[in-house]
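Each of the two complexes below includes chain A, the first together with chain B, the second together with chain C.
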Partner chain A sequence: MAEFLQLLFAGLTVGAVYALVALGFTLIFQASEVVNFAQGEFVMLGGMVTVFAFKAGVPLPLAALLAVLVAVAVGLSLHRFAIEPAKGATVVTLIIVTIGASIFIRGIAQIVFDKQFHALPAFSGDEPLRLLGAAILPQSLWVLGGAALVVVGLRLFMERTLFGAAVRATAANRLAAELVGIDTRRVLAFAFGVSAAIGALGGILVTPVTLTSYAVGTLLALKGFAAAMLGGIGNPVGAVLGGVLLGLLESFAAGWISSTYKDAVAFVVILLVLFALPQGLLGRRAIERV
Partner chain B sequence: MNRRRLATGVASAILLCAALPLSAAEPIKIGSFLSVTGPASFLGDPEKRTLELYVQKINAAGGVLGRKLELVIYDDGGDPSAARTFATRLVESDKVVAVVGGTTTATSMAAIPVFEEAQIPFISLAGGIEIVEPVKPFTFKTPHTDKMACEKIFTDIKKRGLAKVGLISSTAGFGASMRTQCLKVAPAHGIEIVADERYAPGDTDTTPQLNKIKASGAQAIVNADFGQGPAIVTRNVRQLGLDLPLYQSHGVASKSFIDLAGPAAEGVRLPAAAMLVAEQLPDHDPQKKVVLEYKQTYESTQRQPVSTFGGHAYDGLMLLVQAIQRAGSTDGVKIRDALRATKGFIGTGGVVNMSATDHMGLDLSAFRMLEIRGGDWKLLY
Partner chain C sequence: MPPEPLLSVRGLRCGYGRIEAVKGVDLEVAEGEIVALVGANGAGKTSLLRAISGVLPLFSGSIRFAGEAIEGLAPFERVARGIVQVPEGRQLFAPLSVLDNLRLGAFRRGRARTDENLERVFALFPRLAERRHLPAGALSGGEQQMCAIGRALMAEPRLLLLDEPSMGLAPFLVDEILATVARLRAQGVTILLVEQNAVAALALADRGYVLETGRIAHSGSGRALLDDPAVRAAYLGI
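Moving on to the complex of A and B:
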């Protein structure tokens, strides 16, 4: 039981971060059908900006806020200066633009910050909580709670506000949305901004547990993308489900099967799921109307 | 190159050959390829700084054999195929007399055939034992090997009266290589490996693996990796409340490990070079003077804390310079012979005694056993 709980919490914590990255993918994908491979860099920026601001003497909450603002600014500039000018290009071209942007952001981060790994102090201490024999870091609860808040908040925003409705309309049918007077350009800019904020928040919450460096974004983007595919890309609930599932798969594979092949086990399961359900667990069946 | 320049070049070359004393003005070219950027940049960066700093100092003091040193450095970014390309460039276009470089085992191994074929002495700065075992005629290395780290750790575990070890290693180069060496030398030291767990580079949680080690009845944990992995393992061990002695490798021998692992690092033991505890060395220690001097020079000019990795570059450069002086020549074979004859060289990594069968020249005494206490290194023995 203790072992099961330990693996469960390890998987949930890692999975929550994958879920946040996958959620970022989903938002932008919904608004533009672009898979934004710079998503991992927002997580990196969240962690790194907080670390450096905190080291410079800024109180932790302010440093975190600053990090979110920086990430949002980078997200908006990514849209304004890289995606927007390429309007009309094919989706594949836009995806390649985001890959280029991710390399660019990483390169800049390497110069502005440094190449070392950094840690942040845990928000409520390092003393693990004992639960039925399992040891859980308080920071894991922060990560889980933060991720849950983001998911619920985003859901409420989408369902209850006019702008949220505009975003959903754009996702459903861009042309029709434009016809009824929705500024889809603003919707897309919004998607980039919010994705960046979500990514940065994930980076801030998780840095005390996992450490951060200028290069952490690449792997996270990959895992987050896999999670989004598993859940069904374009579906926010699917993204969260996919992220958590991927985290749990990795954790239980390492604990029960083989730590050497844990990534392989996780990806084999994803492949099997996609063979059976090519749209992912909760993906809509794409219908091409001719 | 235009025709006139070529003519001048040829003419001066003829002149130089004809009148040997004139060649005194020509600098001795020393090549290097380092991983200054990329994942191994925390190793390559201090190595580059060290080489540049000391070549400048040597030149200011009059150079070697009355000639200045000229350093040619390329950044391979940690990519073995780039390393091989730069190795070829060093040999064919730069025409260097010897090479000090190769930040990682992978980049070193990729470049070795180039230097062996050109008969150019190569002093590698990487840890892997396969660089010098089997011995290759022109290849040397300065850092300790992972095999020595395993032996030093196992000796210490035995001293504590323990025998069952849980091994946890990264699947990447250094961790994988040290894991193999530890598994190999364990029986000879009376150590039983009761768990052999692994994690991928970039993994952010190792509690599942540590849980298995906990269940295996291990009496001590050995972690083979460098970079952020060991900090995560150390934190996870503390998180799980595992009350077992934890050993890290020399791969974590920099202050940043203590910063990253935080209070969890307390009580962790590791084998490391004397550099980390320069001030704590007893005065009669032969390495004390060399290590302190390097540390002060580096820290006062670079304004960043010294690391053992820069020390490897210092050792490599000094070994080479002394060999060139003893050989009295820049001929590859003569330098190689002089390098092989190195005896009692005191570097930052230890006392080096090379031979035709040992192209590293360090023994277990080169490693000190340290423990982390109060957020700092404490020399045990």
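Moving on to the complex of A and C:
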């Protein structure tokens, strides 16, 4: 029981981060059908900028805010200088552009920061909470709470505001969105900005648990992508579900089989989804009558 | 000199890739008019409307609206000026509610007027009021067309571009939609109407253009076109 709970909490914690990455994928995919493989770099930037600002003496909350702002600036630049100029290119081309951008961002990060692993102090101490024999890090609760807040906040924004409706409208029918006067370029810029902020927040919250370095983005992008595929790409609820499931699978695979194969789980999931369930668990619902 | 028409298109060429769908069209719509644009499938009617809305780039030519050149403007800027289109195939935001579809129609208008316009649309199409919380994709064909027209009206159009509003509808619904078009004109909306149902469209319109493989083949008053033997033989099937 104690071991089960231990693995459960570890799985939920990384799962929450995968969910945030998958949510970023979903937002951009909905607005443009582009899979943004630079998504993991936003997580890296969130962690690394916070670490270096904190080391330079900036108080932690301010360092975190700065990191989010830097990631948003990078996300908006990615849209403005890499995606926007390639307007009219095929989706595959745009996806390759994002892969290039991710390599570029990683390269810059390696020069600006360094190649070492870095940690942040946990936000509210390292004293584990005891629950039925399992030890739970308080930071895990920060990760879970933060992720939940993002998910709920984003949902409210999309459902309750006119601009949120415009984002959903662009996802549903781009031509019609342009014809009602929605500036779809701005919607896509917004998607990049928000995805970057969400990714960065995930990176900040999880760095005290998992450490960070300039190179963590690649694997996170692939795992977030696996999570989005599992949940059904383009579906925000699916993204969160896929992320949490993937985190749990990884955690239990590491605990019960071997931690050597931990990273393989995501790729096995991608393959299984592609073979057996290409639409994912909550693939696009089609309600359209012609 | 007569006042400048609300919309004036000169030498417009546009298309898809290397295929030219519209090959140099001149067309005018005066304030308060209903102008019908008829022609066979593939004559370039939809391409022409898309070019006027700005969602299809021009190869060459000019578009003036309310005295200003607008061919350089983005689609959303044209909506802001009052050029609003009800596209072919309705193109609703299928997963969104009817209410959201209508509200998004007013995306370029102030929130203050949205509620007032919503009342107007619901008065025009009471069916939509009943179904406001349903996803637009779940409506019947006729209701979808009402929703598409309602969404366009939310934008307070000065010029309404209607692309095949009667397509795929039962005959009694076609009459209802065309009656709505006439009522909108009475409310002061200028209308450019694309229709396959050429007889009904020309009977309703002040003037008409017949488009043939990307060029204007005939033009004149609706009555004159209906009476023109060449037009009758080729397009009206009478």
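Note that in this section the second predicted complex is superposed on the first by the 265 of 290 C-alpha atoms of A that agree within 3 Å, B and C clash if a C-alpha of one lies under 4 Å from a C-alpha of the other, contacts with A are read in each partner's own complex, and residues count from 1 in each chain.
Basically, a contact is a pair of C-beta atoms (placed from the backbone, for glycine too) under 8 Å apart; a residue touches a chain by one contact, two chains touch by 3 or more.
On a predicted model such as this, the values are computed, not experimentally measured, just so you know.
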| item | value |
| --- | --- |
| First (chain B), second (chain C), both or neither touched by A:118 | first |
| Which of chain B and chain C A:162 touches, first, second, both or neither | second |
| Which of chain B and chain C A:175 touches, first, second, both or neither | second |
| Which superposed partner A:260 touches (first chain B, second chain C, both, neither) | first |
| Touching partner for A:84 - first (chain B), second (chain C), both, neither | neither |
| A:7 touches, of chain B and chain C: first, second, both or neither? | first |
| Contact footprint of chain C on chain A as seen in their complex | 162, 165-166, 168-169, 172-173, 175-183, 285, 287-290 |
| Chain B contact footprint on chain A (complex, rising order) | 3, 6-7, 10, 13-14, 17, 110, 115-119, 121, 126, 128, 135, 137, 206, 209-211, 213, 215-216, 219, 251-252, 254-255, 259-260, 262-263 |
| Of chain C, residues touching chain A in the complex | 53-55, 74-76, 79-80, 84-85, 87, 89, 91-96, 100-101, 103-105, 107-108, 111, 135, 137-141, 144, 151-152, 155, 168 |
| List of chain B residues in touch with chain A within their complex | 37, 39, 41-42, 45, 171, 197-200, 202, 204-205, 207-209, 211-212, 215, 227-228, 231-232, 235, 238-241, 256, 259-260, 262-264 |
